[in-house]
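The following blocks contain the structures, represented as structure tokens.
In the two complexes below, chain A is the common chain; its partner is chain B in one and chain C in the other.
Our next item is the complex of A and B:
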């Protein structure tokens, strides 16, 4: 299971993922998506992946749901600080074509 | 197991050596409509009644001749470990020793003497209620388990059958080995073989996001889609992927997708042409058993963006050469104590003969003893064994 935290800094919703982000985190992440709708005044959403060690296809699917939610909420979405296996998985899936991936 | 449609249908066994007590309890139970009541005057008779009538609840006195209530309790729990029948022990209020011993023997609850009508009826009602819920749950669990087993049989029938693999092996001079093991009852991985003509055969491996029932349904959808559109099968793997991608985009719910690799082996031109959508790498060995190619054409997963372009790559694959494609479950960090990474897998491929590499992969997946795994695991290993002569390395490995 991943630890998922959401904070608001300035006008940005910051979602921090750590550990293993997999299909097991679906319910937890759904709550995050619901929380996004309460982000009045926010203009961006940044997902911090610095402490994420692993993401599977279920985790990637949830990022796609987040992308859709951000488009609806008109939030600029970025994936930040991915490294190691997580960066490799994002690279294989060419997620840089769908997300703004920031080093 | 008969359902407790309502508590009045419940079968209740009263065990007490005192006839007056038994009749008193029976009369109390009847005031609430319980009519299927059996009585036993001692422990031995109680065990016989239990065996004969399969009661839903037992009211049990502790101190009886021949066999005590403690022993009855213990024997029922020992002999029927999966039967969660409520055993309500009737005991004296002041006997703490009895109360503790009764629970140790397996009693569900205690009813104290002297008996109070409301308390007795309330406890019987509560425990029958629990029992009913438990029976509902067990029936549901059993039904779902049976349905999942049947669904798994259906899903397995989508995979290449042994005689189909044998036919492909003989027709194209190959030794094909496929493995597909779901992480739960059903999985989202699948592999396939499709002859194109007398010298070309198409192989594919698909992995739908997530696992379990929804992912398995996607594999069935894909199989049905391909079955209804056989003209989609082409010798161009990039075109094949593009068609599936667009079809999947129109069908698959948001947040779901698939990774896939499609490989076309040409035994006349000694080439392998492949195309991949966000799929793990392809590993290739030449006829000397040297690992010559570890790479993959990459693209977005299938089902996300319409008209995604895919790249086809053609590499040499002479007689005696081999290749290996796999789903990402192989590299799952929770697969075992020493998980593989992409780098360590590549090192293994470069330092091993194909046969030894395959043995290592099988050992890593522990495929001779299927066990729970964190993600679906699938691989396809193909050896061009060289006409009718089996590759000695391969033969040794198998």
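Our next item is the complex of A and C:
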């Protein structure tokens, strides 16, 4: 399972994922989505993937749920620091067409 | 052949265990494709095959999985993985022991079939045989330079 941390800095919600982000993290990530709705004053959400080793289709699905939530909350969403296998999986899933992917 | 418990699949990295048993001469692209497809096939077999998790459980999947893993019937079902390398084609079969009828999804359902999309892009061929509840994947085998 993944370790999921959320912090707020300069009007930006930062979600840090590490380890393996899979379908088994769904309930944990749901709590993050709930937290996002209480993010008064925030204008952006950044997901830091630097320490993420693997993401599967369940993890991709949760990023799509996050995207929906950010659109609803009018937050600019970005995926940052993806590398290795995670970056390849994002490319294959064509997530660069759905998200702002920042190196 | 590998026999994994459903619990081991959902709590560990069984795809990497299978990878470590394959000839280590495979190139990085082949290794990546096999790892991603194996993971997806194993999770599908564990979640939707053995534990019979449906879309209606998606909003609370972790709790539902924990509950079903504790069910003596559902939680004890294994997943078998076999592989064969012949004529530069690696064939892998992942078989579950669920009892609920399953099939590969054909509709474009958001949040659901990304696994299938990933697998179709990475595997040379991909078929599901519902009669033996097995997904069969083929990969072009390339040796590392």
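As a working rule, the second predicted complex is superposed on the first by the 103 of 103 C-alpha atoms of A that agree within 3 Å, B and C clash if a C-alpha of one lies under 4 Å from a C-alpha of the other, contacts with A are read in each partner's own complex, and residues count from 1 in each chain.
FYI, contacts are C-beta pairs under 8 Å (C-beta built on N, C-alpha and C of every residue); 3 or more make two chains touch, one makes a residue touch a chain.
Predicted model, so just to flag it, every value in this text is computed and none were measured.
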Is A:74 in contact with chain B, with chain C, with both, or with neither (first, second, both, neither)? neither
Of the two partner chains, chain B (first) and chain C (second), which one does A:97 touch, if any: first, second, both, or neither? first
With both complexes overlaid on chain A, does A:65 touch chain B (first), chain C (second), both or neither? both
Scan A:57 for contacts with chain B and chain C and give back first, second, both or neither. both
For A:30, select first, second, both or neither according to whether it touches chain B, chain C, the two together, or no partner. second
Touching both chain B and chain C, residues of chain A: 20, 22-23, 54, 56-58, 60-61, 64-65, 85, 88-89, 92-93
Which residues of chain C touch chain A in their complex? 10, 13, 32, 35-36, 39-40, 43, 47, 58-63, 65, 110-118, 121-122
State the interface residues of chain A toward chain B in the complex, per the touch definition above. 20, 22-23, 53-54, 56-58, 60-62, 64-65, 68, 85, 88-89, 91-94, 97-98
Chain A contact footprint on chain B (complex, rising order): 207-212, 254-257, 259, 278-280, 296, 298-301, 304-305, 328, 332-334, 341-342, 374-375
In their shared complex, at which residues does chain A touch chain C? 20, 22-28, 30, 54, 56-58, 60-61, 64-65, 85, 88-89, 92-93
